[in-house]
Every structure is written in C-alpha cells, then in structure tokens.
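Below is one structure, written out as structure tokens, with a few remarks after it.
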Amino acid sequence: MFSITVRDHLMVAHSFRGEVFGPAQRLHGATFLVDATFRRPELDDDNIVVDIGLATQELGLIVGALNYRNLDDVPDFAGTNTSTEYLAKVIADRLADRIHQGALGEGARGITGIAVTLHESHIAWAGYERAL
Amino acid sequence: MFSITVRDHLMVAHSFRGEVFGPAQRLHGATFLVDATFRRPELDDDNIVVDIGLATQELGLIVGALNYRNLDDVPDFAGTNTSTEYLAKVIADRLADRIHQGALGEGARGITGIAVTLHESHIAWAGYERAL
Amino acid sequence: MFSITVRDHLMVAHSFRGEVFGPAQRLHGATFLVDATFRRPELDDDNIVVDIGLATQELGLIVGALNYRNLDDVPDFAGTNTSTEYLAKVIADRLADRIHQGALGEGARGITGIAVTLHESHIAWAGYERAL
Amino acid sequence: MFSITVRDHLMVAHSFRGEVFGPAQRLHGATFLVDATFRRPELDDDNIVVDIGLATQELGLIVGALNYRNLDDVPDFAGTNTSTEYLAKVIADRLADRIHQGALGEGARGITGIAVTLHESHIAWAGYERAL
Amino acid sequence: MFSITVRDHLMVAHSFRGEVFGPAQRLHGATFLVDATFRRPELDDDNIVVDIGLATQELGLIVGALNYRNLDDVPDFAGTNTSTEYLAKVIADRLADRIHQGALGEGARGITGIAVTLHESHIAWAGYERAL
Amino acid sequence: MFSITVRDHLMVAHSFRGEVFGPAQRLHGATFLVDATFRRPELDDDNIVVDIGLATQELGLIVGALNYRNLDDVPDFAGTNTSTEYLAKVIADRLADRIHQGALGEGARGITGIAVTLHESHIAWAGYERAL
C-alpha cells in the first residue's frame, strides 16, 4: 500500500459544551497542524499516489474555509462540539468529496483511503481515517 | 476509525542481556517519549474518543510508576529485557486494564484499540498495538 | 554561558486590530508552544542553572493564568494587540518578576537573562529576550 | 503487533517527466528522511523485533547505495519517475530481500511486515508498506 | 530584543568542488528548510516585529527564485560552492535588500537584524546572521 | 556570523545528589540529543564553516566515549552532578580541545565560538556556549 501526506494548518477559536471539557468549556483557541494522507494499492501512470500540487491546493481550500474563524459561529457546526477528532473527520470527508468530484485529477480516482491527523499541541493529536 | 494520542515521557536506567545488544549490555539509560493512542469506530456522546484529561492523567500515573528508576531493579521486570518494544506493550496493557476498570470514564468503554509508541531517540522508536 | 529551557503550551482565542492583520482581525485562536530559557554565566552550587522543577512549575502557573481564555476579554490586554511577540514579552517579564520574588529559589538569583519563544505553528514563531 | 523504526537520510538529485510535476520537471533535489519500520506479532527470544544495530546497518547500506547521486543517472531507475512514494517501495523491497537473505539475523525471519516512509520536507512525506 | 521567524523550504540539486566534500562532490540534492528570523529592540505601532504576511511572501519569492533548480547552473553561483552556510547568507542578504527597498512595509525599517537558518537534514543545519 | 550544527545522541544512566533533584536523586537515565554548533565570522577557502564530515566524526568520538554508560561510574565525573547543562559544557570543551589540536582540519582554526545544546526530552533542553 502506498501513501502520501501533505501538511497545512488552521488557527481557530471555539468552545466546548459538557463537563468533561473542564476549562475548555470557555472560549479558547487552537492551532491545528493538519496532515492529510492519501492511500492506494498501486501508483498511477505518473508513478505517484496523487498530484501533490492538487492535493496541497485542495487541502488548502478546505482549511482556508475554516481558518481564522470562531467555529462556534460557523453554521455547519451549530450544536456540535468541534473536537479535534471531529474536525479530522470533517476535513477527511470534504477531501473525499473533492476526490469524487474529480478535483484531485482523474488519477486520484484510484485512491482507496484517506486519513487526516490534527495536531492540537506537541503533546496531543487526533485522527480519522476512512475508505473512499 | 477515530483516534486520539497523548504524549508523556519517561527517564530510566536499564541494561540488556544478550550479545545482540553490544554496548547496551552495560547499564545505561534512555528518555522515552511515550505516545498513547486510543481508537474507536464512533465518537461518544460528547463527540470525542475519550476524555483527554483522564487519558493524560492515567498515562501519567502509569509513566510515573516507572519514571526515574533503574528498570533492572523493578520486580515486575526481573529477568526480562526491557526493550523499547516490550515497554510499549507494558504501557499499552496497563492502559487497557485501566480502561476495563472504568478509570478513563464510562464513555471510554467504546475504545476498541490501543497503540503505544516509545521514541528512544530522534532516530529510533518502537510500538505495540492491540485490540481491547 | 549556560542555559536551560522548558516547554509548556497555551490554547487561546484572540483577534487583532489593524489592516496589516488581514483575516486575523477576526476572532480566531492559537496553540502557542512556550519555550522559556534561563541563562547565567556560572552554574549554582548544585551544578545547574535553575531548579528545573520550580522553573516548570512557575512557567505552568504563568501559562495557566492565560490558558483556555479569549485574550480579548483579559483586562491586562485591553486595547492591546496580543501578537505572538508581545505575548513572549508578557511571559518573560512575569518570569523575571517571579525570579526577583525568589519563587525559583535562591540559586536562581544568579540568572542573568531570560528568553521566551512562542511557536504559533510549524512555520512561524516569535520571541523576546531580556536581561535580568 | 510490535514494531520498531529506524531513521536515516538520503540527499539526491533527480527530475520528473510529466506535466503533472510542473517545475519539478527540472533537475532539482531532495533530502529524504527515511524511516524503516519492521513489524511482527511476537517478539523474538531476546525480547525484540529485530537487532536494531543490524537494521540500522542494512538500512544504511541501502541508503548509501543511492546517496549523493543524481537518480536520473542510476541504471535501475532508467525511464522511471523516482517519486517519493516509488523510492519508499524501492527501499522497502530491498530491506525485504536482505531479511530473506538472513542479513538482519535469524530472529528477523519472524518479521511479517515492513513500512518505509520518506519525508521530503516538513510538509510532505510518502510511504509504502508490504507484507514479508 | 524581539524576533519573529517564518519557515519555507527549497528543493535543489548541486555539487561541490574540493576534496573536503567527499561524495558530495557528485551531483546530488537537498531539501533545505529555510527559517528567516527578523529582530528589533521595540515593536512597531501594530505591536509586531514585521507584517508576517509580507515576511512570508518575500521569503517565498526569494526561495521561489532558487527552487526546483540545479544550483550549478545558476549564473549567480558560478564558481561558488553553494554550501548550506553560504546559501543562508544569500537568502539573508536578499531579505535585507528587500527590507531596504520597503518591500516588507514601512514598519519593517525598525528591523535591526536578520538571521537565516537552513536545515539540510534532521541532523545538520547552518546559519548566517547579520545586522541591518 | 556563520554557523553550522550537527546532531548526535547519547544514552546514559546517572543520579543526582541534592534535594533540589527530587526523584532524580535515584539512579535513572536519559537520551540526550546533542547539537554541536560551530561559529565563525567568515567562511574558509572551501566556502564552509568546518568540514562537516570531520565535525560529525569528532562529535561522534566524544559522544561515543560517554555513551551506554552509568555516568556515576565515570572517573571524570566523580563527585559531580552530571546535569544536562554541565554535560553540555563537557562536550563543548572537548570539542574546543580537538579544534585546538587540529582534529577538525586547518580551516577549523577560524572557528571563534562553540555552542552545545543537549535535549533531555521534548520539553527540556540545556546548553553551553563559549568562545574559542
């Protein structure tokens, strides 16, 4: 199985609801390093997993739509705890949609899996992976 | 599949028995960065994998019981080579026990897998993963 | 010249005023990795720069007073752009005060300089250094 | 499942053919951090995955045969795009051959999987994993 | 003294002349992580060292002019060993020129020092610093 | 001012005397990542700070003489707390001696400063710098 990963980042405010979150129930923020991994069993005709330029660009667009925002005010997340693991799924699902739409190129249709890891600090990170 | 990972560290002395270990047969030491990963297919009611506060606390207790020691003198490891990969299993199994005991909260009962990685330097690390 | 550095981190929301900040004028957030460095020309009687336990504890208290907050609502920062470089100075100055108060131990009175670096992402960080 | 990983690096020139590569069609270069992971379900008689000294040595020999070269001039790669993901496979396959030849020791015959990750920068990496 | 640092990267081929370089006399390549640091004793009116957007953009232009090239073919470097330390100076000097030209904004005229660090691998880096 | 840095590492046991060290008074251990920096105002005739091969080799010899040992049993350190900051000085001074002996080449006589940083974990490091 082959994979490639590209990294971007995101700087957002948010708050959580639920006693389990302790002081993180207050409005605070995070820098999330976002690592998006694309997997496939065989390389395409150019000997790659995906056009890394397109992968970087599409990840950048998805990240850009969330960046420099208070996630508590983003309608898509109304009533939802935007935990690190949940945001990983949001980004993975949006990347999957873009692949299905052909935005990462025809060769990208051979991609069989996506994994997204969000690092919230040097001592904590979360991830989500799914089939395509 | 979702996951979260928390990092702690451990500073211990130990020695190895067996020619394969070369100079590491002498009493020496290591800082192990300890990354504990918790996996589950669906998030809990708070939209998380596990209470990251409890996960950090429990990992800290397990690491604390080993920290600042000569592992050659720890009864649990008598006659055992405390290799990096072996210590990863020790920590993973102890975390699994704590989850089964409910120490990471009721929501943590949905965790289906644990992985522990120990970094012994910037150029070598080892891991162990298991189902729960 | 000797030095030691300890790392902690901070997760806050804030916004900036001024066109130069572009989209960062919106309420957003950041994880800041906080590296606090203590410098002195000679070691103390224990052969160290400072008690690393106390240094870690005092940095933790200073970071804890800011953590999980919206800095726009913190009275100390009213009307101030809480840029990364500015926050580095805030933390350095507070550490200097604590050293002067004796909170890092008598030996710490030999410290002649402090530097604080705040990493806001994997591609940007800022710092402030001062004499004591 | 247990694993160990060792890291080495590689500094090479190369160029790519295909419009998808944009400016990387020109002769350029890369430092690849090379992480080689060895996996097995049970540890050997010394309580390890593999002799880390031999693993490091064999990875060093494979990396050394490629290092400080223009990959466009290496006969093995004639007519091939030496993408990061492809090079990960080359190194993984060569490690597998060496294990089969016994170069990593008799104990290494218990290894059931290999994964190789090549980091081409702080924001992009690729990997290949295979059974043994 | 305040500072900010931004990171970019560069992927180039080159070769060295001189026996001291051993196998690096052959055409090979490197990824250089490029860290550009800007220093000044007081912050500007926006409470920052420099507009980080402009700093990132200007570093990107300087890096972009060198990127995906064989440095042996770049006229500016004819007859010169493009060592990591030398390239750090090239980039620092070009940044200094851009500051003098006003490309980093009027506020940037308060910058008194620049440092550039180029990481050629996880185990080697070089730097150059200068006054402005 | 130019600099180059090379990284090696060290895995040792040791203990500390003094209440300030708390549990680190027990025999424990550490992996120290060792970063050795060489500084000079002008490059040599090969356009470098120092032959990086020789610098790496000499650092490796100094590190090798300490590696895989219990520092409590090393005669040079009898009665001395081998703190991270102290060990940084030991390594810096030994490197300085080797430069004075010509072991890093004639060109290395232009080196005017050395700095050594020892990372004891991902959250603590110490350093020593001196003129030559």
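Here the chain labels run A, B, C, D, E and F in written order, and each chain numbers its own residues starting at 1.
Criterion: a residue touches a chain if its C-beta (ideal position, glycine included) is under 8 Å from a C-beta of that chain, and two chains touch if they have at least 3 such contacts.
Fair warning: this is a prediction, and the values are worked out from it, not measured in the lab.
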Chain pair, A-D or B-F, that carries the greater number of C-beta contacts: B-F
Chain pair equivalent in interface to C-E, over half of contacts matched, among B-F, B-D or A-C: B-D
Taking each chain's C-alpha mean as its centre, the one farthest from chain D: C
Homomeric contact chain A-chain B: same or different residue positions, threshold half: different
Where chain E and chain F are represented by their mean Cα positions, the distance between them in whole Å: 27
Euclidean distance of C-alpha centroids - chain D vs chain E, Å: 30
Chain centre separation (chain C, chain D; CA means) in Å: 41
Sequence positions of chain D contacting 2 or more other chains: 7, 122-123
Of all residues in chain A, those that touch chain B in their complex: 16, 18, 20-22, 80-81, 83-86, 88-89, 122-130
Residues of chain B touching chain A in the complex: 1-8, 43, 46-49, 51-53, 56, 105, 107
List of chain C residues in touch with chain A within their complex: 7, 9, 11-14, 23-24, 26-33, 67-70, 120-123
